[in-house]
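Report on one structure; see the data block that follows.
Per-chain numbering from 1; labels A, B and C assigned in written order.
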């Protein structure tokens, strides 16, 4: 059974409808990617899952309906969101940022072990643990955002354009870690990404959004062979 | 020299009180961008509650801590009940609601307790201390000690506890805080609760000096504004330090600069602040706001 | 919609006509209250130009009100200047002082500007008491009410009312033209997006200090009129609460709205009295409750809410006709 199932999802900002009834799923332990041009509704889709925008339609996580619930409560179910723009707490230290990631599961304790695990994935964060997060480079802040999300020990990780604005080498490093997290910790991932080739490499399922509608979907391998996608998004 | 040291110490004592009200203002400002004009009246009202308990024969420290508890819950309730409906309104709208709160608290206190000044006891001995050749007011030293203690406790709370961290996070970046599972609305309410608590301490420490009446905090609030402005509204530590500077300067200027005396004391303090602002537009320790285009 | 706007355009002349018959319907005491409303409205328009339109929050406009009042009082008291001349002089003095104050204030952002102006308002009573020779110290200066010109058959209160109304109309028309033109757009652009405004060639520093000056001038003229109306000035009338009352007035009336100044003036003149009538024991508690309830019901002030109601009504009317 799928971990996250979304059907007939609509979302609007004010008077403008951004999503017109989309349907997709993330398998338990799988990686699903949502592709599309700017303004297609990718970021809105992630925000809808987290209850950050008004929605209509069905969102089920682990079989339970979560549409319409408060963001704080959705996070507590084990859905971590690495938002567009990374959402860093600039004036707090790196370690404080990470500790906040574990806030929602305070009762289950042992954040020290989690911190060690994150510093293992991202050694640079360990070196800078007592610096303010605002002094980090863009790539380091992206690592911090992923690290903060992992502190929740999530079952589902929502990633919003993790490679945006990063040097290719840094982006590759982040994707390597994302794959490791998925394999070693069995965290399911919903990835929004502009770099279509990388996203299709990483994901097992992909959905292509155009102006708020799913126009193509299927296993990544199939989409990579799809002529329309090759021409418009992969460029060969 | 003796007079100088005495004036500095009593300046530090009142300055500590200005500083703690300033800190209460900064706590709410950082979380919500709102200057809580009702801060002083909340403190005044708490002090009247303490007075009622003392009058009914409750021992001082029991009344003291009971007042802190009531002030905390009261501050929390005010945020949830009065401020919350205008949470998303323009800042000036919230400011007007705070002004409404100010006149309500002031008026109700006058109605319940009358506008006649009442003496308020100090928990410290009336006899002055002698250190070396110099006499110090015991209440001055005690008030300074209590104020500093409160500040240290708050510092430890915000710096080292998870709840304190969550409150700082909610003030800085509400959206990200929600994504960490923090209930931002409650963090704001807690902030109001703590601000009310700090204000109550300040009220109970200043009341023995200025006597208790419904308008006793209006002057203090103005000095607290001055302190927070001087230190910078973005810096809690700066606000406290600003309070100490204002307290000491006020005392020394009043004592030594003859032509100013007590009449223009306030004006001089304000002029100083204007000058500081012109040199450092965000206060001595404040961060310069960075604006996105 | 066009027909709707025609209706709206008929409101100011209708209000003016009503304003002209009022003096012949009301008792002297009521009339005096309406003179106060007119004076407050001028002061509020001044503050609204600065805070509502230009986004600079001032908690110190009581200071300019005081400056205007004392300019008039001192000119009449010391030099026997005819009162009519003192009004424009008070305006010019406040224009200059406001402009000069606006220059250092440029460096201050939002809250810090508010507090700097607040300091100004706090200092005013003390400074006024200090220069006793000119200001009469705490005793203040007693003036005599202006005599109405012979032959008009008006009582002094009626005459004063018409003087205030005249000044109000002139200043409101000037203000409306200023705000609707190029200058007004620049002033608003600075509030909404200072960097973009600068990039489009708006000299933001000059406009901001000029706005400060114009705003102070309006409030100063109001102060001058109040000195004449009350025939008395004293330092303690210009305390911090006056400045806060002005801020309450523009927010309740409606920020960045010309009619808002009049609604706000009505509020700050009459609501405290009603509060007093409702509860003798704690009138200010009543006033506070009024303030809070008003802000809950109309978070964008009276003018803002009326405008919202009007546009909704217009929309409903249109769709109703279409369906």
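The rule is short, and it goes like this: a contact is a pair of C-beta atoms (placed from the backbone, for glycine too) under 8 Å apart; a residue touches a chain by one contact, two chains touch by 3 or more.
Only a predicted model underlies this, so the values are computations on that prediction, with no experimental measurement involved.
*Asks:* Looking at which chains touch, is this a line, ring, star, complete or other?
*Replies:* If you draw each chain as a dot and join those that touch, you get an open line.
*Asks:* Which chain pair is joined by more contacting C-beta pairs, A-B or B-C?
*Replies:* Answer to which pair has more contacts is B-C.
*Asks:* Between subunit A and subunit C, tell me the centre distance in angstrom, where each centre is the average of that chain's C-alpha atoms.
*Replies:* 53
*Asks:* Starting from the mean Cα coordinates of subunit B and subunit C, work out the distance between those two points in Å.
*Replies:* Centre-to-centre distance between subunit B and subunit C: 32 Å.
*Asks:* Taking each chain's centre as the mean of its CA atoms, how far is subunit A from subunit B in angstrom?
*Replies:* Once rounded, the distance between the two centres reads 43 Å.
*Asks:* Using the touch rule from the top of the page, what residues of subunit B touch 2 or more other chains?
*Replies:* none
*Asks:* State the interface residues of subunit A toward subunit B in the complex, per the touch definition above.
*Replies:* Those in contact with subunit B are residues 50, 52, 70-72, 75-76, 80-81, 83, 87-92, 96, 99-101, 103-106, 148, 152.
*Asks:* Spell out the residues on subunit C that touch subunit B in their complex, using ranges where they run on.
*Replies:* Those in contact with subunit B are residues 51, 57, 104, 107-109, 111-112, 114-116, 118-120, 122-123, 126-127, 129-130, 193, 195-196, 240, 244, 247-248, 251-252, 255, 281-292, 295-296, 299-300.
*Asks:* What residues on subunit B touch subunit C, complex-wise?
*Replies:* Interface residues on the subunit B side: 29, 35, 37, 82, 85-86, 89-90, 92-93, 95-97, 99-104, 106-108, 110-111, 222, 225-226, 229, 233, 263-264, 266-267, 270-271, 273-274, 277-278, 281-283, 289, 291, 293.
*Asks:* Per the contact definition, I'd like the list of subunit B residues that touch subunit A in the complex.
*Replies:* So the residues of subunit B in touch with subunit A come to 162, 165-166, 168-169, 172-173, 175-184.
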